[in-house]
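Taking it in order: structure first as structure tokens, then the write-up.
Note that the chains are named A, B and C in the order they appear, and that numbering of residues resets to 1 at the start of each chain.
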Amino acid sequence: MLQYILKRLWHTVYVVIGISMISFFFIHLSGDPVLLMLPGDASDQEIEELREQLGFNDPLYVQYVRFASKAIRGDFGESLYYHVPVMELVIERLPASLELAVAAMVFALVLAVPIGIISAVRRGSMLDMGSMLGALLGLSMPHFWLGIMLMLLFSVHLGWLPTSGRGTMAHLIMPAVSLGLSLMAMFARLTRSVMLEVLSLDYIRTARAKGLREEIVISKHALKNALIPLVTVAGMQFGFLIGGTVIIETVFAWPGLGRLVIQAIFSRDYPLVQAIVFVLSLLFVGMNLLVDILYVYLDPQISYSEEK
Amino acid sequence: MKKTYLLILTALMLICLFASPGVARDADTLIVVQESEPVGLDLMRSSLQNTMSVCYNIHDTLFFPQEDASIKPALAEKWEKLDDMTWKITLRKGVTFHNGEPLNAKAVKFSLDRVFDPEIKCPHKGKLSAFKEIKVLDELSFEIKTEKPFAPGLYMLGIYLPIVPPDYIKKVGNTKYNTNPVGCGPYKLAKWVRGESVILERYENYYGPKPYYGKVVFKTVPEATSRVAALVTGEVDVISGIAVHQRKNILESGKAYLTSQMGVMPYLGINTYEPPFDDVRVRQAVNYAINRELINKALFNGKAILCNGPISPRTFGHAPDLKPYPFDPAKAKALLKEAGYPNGIEVRLAYPTYMSQIQEQVEAIAANLTESGIKAKLEPFERAVMWQRYKGKKHQLYVYWWDDAPEPDRYMYSLFNSKSRDYYYKNETIDVLLDLGRTIIDRTERAKVYNEIDRILYKDCPWAYLYVIPEVFGVSNKVFYKGDRDGFMNMRWAKPKN
Amino acid sequence: MNTRATESLGFRQALESLAPRIRLTLETAREVVKRPSALAGGILLLVILMASVSFPVLYHTDPLAQDLLARFTPPVWQSGGVWSHPLGTDNLGRDVLSRLLYGSRVSLLVGFTAVFVAELVGIVLGLISGYYGGKTDSFIMRIADIFMAYPFMLLTISVIAVLGPSILNLILVLGISDWVTYARTIRGSVLSLKRKEFIEASRAIGTHNIIIIIRHILPNVISPLLVLGTLRVANIIIWESGLSYLGMGAPPPMPTWGRMLAEGRVYIGDAWWLVTLPGLAIMFTILSINLLGDGLRDALDPRLINL
């Protein structure tokens, strides 16, 4: 087990290094940002001086080594746009993004699991068909469009919810729902199919035959087994949530990393983009690691010596 | 199990129902919403409108610039002209910065020197480059010298030279100053929650009239619709960035009104260094090809002011006898033919994506151009790339904008003097005239120079001239606030209605 | 003599393995058609495809023609609507219906070709990885891990920001960032197939690796990819619209659903149809693909988990 975790940790390290390389080289493909750092009437000489001073004339790999050796110490440089250390910006925005991602996940799970269970138990009923059709619709909606529609209804027409920004619970509702709906649809479908499979297994039949109440059978026996795939998928979908926040945060002016990174990419704020990509992928990889470990813990039958 | 879920669901629904849309707030707080967040709070380090707007509440300058490009006293109490190149300025007595540091002539000298400090990379450097030095006379008075007579000098100082505290900056450094500024303006920074809001508090020792609101909160909402909705629902008090079509909604809501501010003057820049636009006839053809009247009527409800030359009709010095280029596709085609392009031309048209409504204007203009045989391929660029390519002389046709400031030198010098930018147009006569325009102190004589510039550029067409779109702020009916021509949201003037 | 024997053996084997495959395909089609939801999805998709291909013939309005004075004409059923613009006009007076139809071309083109590119890359790398194993395998899988952890949206956005927005770039970027799932699926199947007797046999008689891969392995792993691919088309179309929404899709004036949404977004309070209709178009397209994909999966491999 320990060996497995160590191996996964090593995996995390090289993935993060790989990502830092990719983002570094990609960003530098589009030229250096010197022109952006100087006022409009700067002379060519001033431009060249700054370029030399910041080391943009060095070969790319030299620049990468310089970047990496600083990055290891957590120093990603200063934002070209905000003129403050980028890590400061990232750390300021991170909680907002996590809050949104977690809210979306909670919203999705809280509704999806009971819908999935009921659909499985009442397989073929109107309820089942209706909720599965609903789930399919939910899967088919682009989440940013859903966000716009919610805003049209609840903010523009009804005036119930604030249009954008962060602060109260009311601010969180629309972004979390738009981000979480397709997840909810996915989880509901998953829960349903896993439950169907579990309910047909022998031990459930035995439990029923023993005369246990249906609710107990479902909640105590069936659900527990259905949980494993749900946890895995939920963990894997965390990456989707992080990607999804990019647009949803733009739509709802949510002050998180997603909106920050879009602005950073648009304004070619190189150090900031690098830092955000780094932190987001670290989160993602960390989450996967957690899921893997949890998976092993939940289902001891899985061997962890074999290749994944 | 079921019960738990039922409980959670009910709780969620209750939150939905009872969550009040507005944050509870008292009558002493004013909430202002802009399109984008300030990038920093050091006025010397940014030329972005939204950033500068917040900064002007914290920083004061020597003078208040007026709508007719004249000035009124602010930190400077009185001033006199010693000769065409020297002013003697006396500061108000007893003014302090928010940290208690006294305002004196040394602080002014420090501030001007700081503008030219390479580490600051001050974007306003060019506007103040005429100033050579400050000689401190005593605690409160000093002489400021220019190399040549500089007519708009004091007005420029009033906009671009915030006075900053030397001791504080020396202590905390430039980076920290950008996030924790100390000025001598009416409001001091209480808290900046980046991504959410900048909270300002009234500075009780302010030398001028006491601002009414004890607290001003600047928030950021990038979506125009959301800003308008927030204003109409009473969530916020003042908003900027209102598209023309949304003004009606605000007025009809009965909850808010509009106040005019600066004008946005978009223009279609032309790279005159490369064919086909090195030929003035082709550039004129572009001007004849654009249906300004129709665009104005359709996109701006006829509220825009058509430009007849590079100087806005609302700016001092514009030549009133010029008529906007008429929409005349036949003439445009004839000019193209004359220039040797009987089958028309294919061009690239770049525009920035961050300005709302630029896209639709560009698409309308491109359709006009096509009609006259100028086939334009659209090139949308994000802010930074647009700027990079602009400076790299990579655009062929490009749409950018400037505000139509009352003082012509403020934009004409930057844009048309080849010593300043020299990206796409060079005309020695214009260079000479622009330099001359700066030096003439007499306003009537000065106007003649700018009239001349306007007329030459009208014919030479380094741009296709478009229009000025008067911008507005939306203000809640509870608040009295009048916008300024410079477009900055100076909240010291805001007060409750009745 | 030896080579000929090998080849004819391979050929016969290929034929033998092909015959049940054709039967299987027909069976699959029958299975899909038997499910009403899958059938509905198929028909809907077909209608959308037909409409997007045939619209210039059936509906003559130019999606780019502006009529500035007729901007914001509402759909025909609302007061002020006109029959010449059944779904109204946008902020420049362009016909919404013809823009929607044109937009469907972009979405479908990008969706299907990007998945094709992704499958191609994924299949090649997955086959190599699984078949050769060893260092090649671990190298490819390490790269796959990195791609998996790189936030997909950020990767595509930053690449587009560097390369500039165009349809081709969009297809390549979406395709190349999405290869990992296919590669992993293929690799898994190849690993289990590799030990099968008929593969070992052909290897023993010296058949070239490439031939083994193409003749014996590829046909056996393709069907899960078909299911996966269909469902991924839906995702790609959503991403494409998201990128267009952010201004990183196909360049203007070409109408795309995502950009129509972004442009209509500005007028959300004034012209509801500009934000609602493109979204509905996306939703129905995705719905049809999902329905079809579900049906395909049930028919081909009922054991695949229902996601």
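To be clear about the criterion, a residue touches a chain if its C-beta (ideal position, glycine included) is under 8 Å from a C-beta of that chain, and two chains touch if they have at least 3 such contacts.
Fair warning: this is a prediction, and the values are worked out from it, not measured in the lab.
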If you tally C-beta contacts across A-C and across B-C, the winner is A-C
Relative to subunit C, the most remote chain by C-alpha centroid is chain B
Averaging each chain's Cα atoms, the one nearest the global Cα mean turns out to be A
Averaging C-alpha coordinates per chain, one finds the centres of subunit A and subunit B separated by a number of Å equal to 38
Chain centres from averaged Cα atoms put subunit A and subunit C apart, in whole Å, by 23
Averaging C-alpha coordinates per chain, one finds the centres of subunit B and subunit C separated by a number of Å equal to 46
Within subunit C, the set of residues that touch 2 or more other chains is 161, 265, 268-269
Residues of subunit A that touch two or more other chains sit at 30, 151, 156, 250, 265-266
So subunit B residues touching two or more other chains come to 223, 225, 229, 353, 382, 385
The subunit B residues in contact with subunit C across the complex are 223-225, 228-229, 243, 245-246, 249, 294-295, 297-299, 353, 356-357, 359-360, 363-364, 366-367, 378-380, 382, 385
Per the touch rule above, subunit C residues touching subunit B in the complex are 64, 66, 68-69, 71, 91-93, 161, 165, 247, 251-253, 263, 265-270
Interface with subunit B, subunit A side, in the complex: residues 30-31, 33, 35-41, 78, 81-84, 89, 92-93, 96, 107, 110-111, 114, 151, 155-156, 159-170, 173, 215, 219, 250-251, 253, 255-256, 259-260, 265-269
Contacts from subunit B onto subunit A in the complex sit at residues 1-2, 5, 8-9, 12, 15-17, 19-23, 39-40, 42, 45, 47, 121-126, 175, 178-179, 194-196, 219-223, 225-226, 229-230, 233, 235, 353-354, 382-385, 387-388, 391-392, 414, 420-421
Listed in rising order, subunit C residues that touch subunit A in their complex are 142-143, 145-146, 148-155, 157-159, 161-162, 234, 238, 241-242, 245-246, 261, 265, 268-269, 272, 275-276, 278-279, 282-284, 286-287, 290-291, 294, 305-307
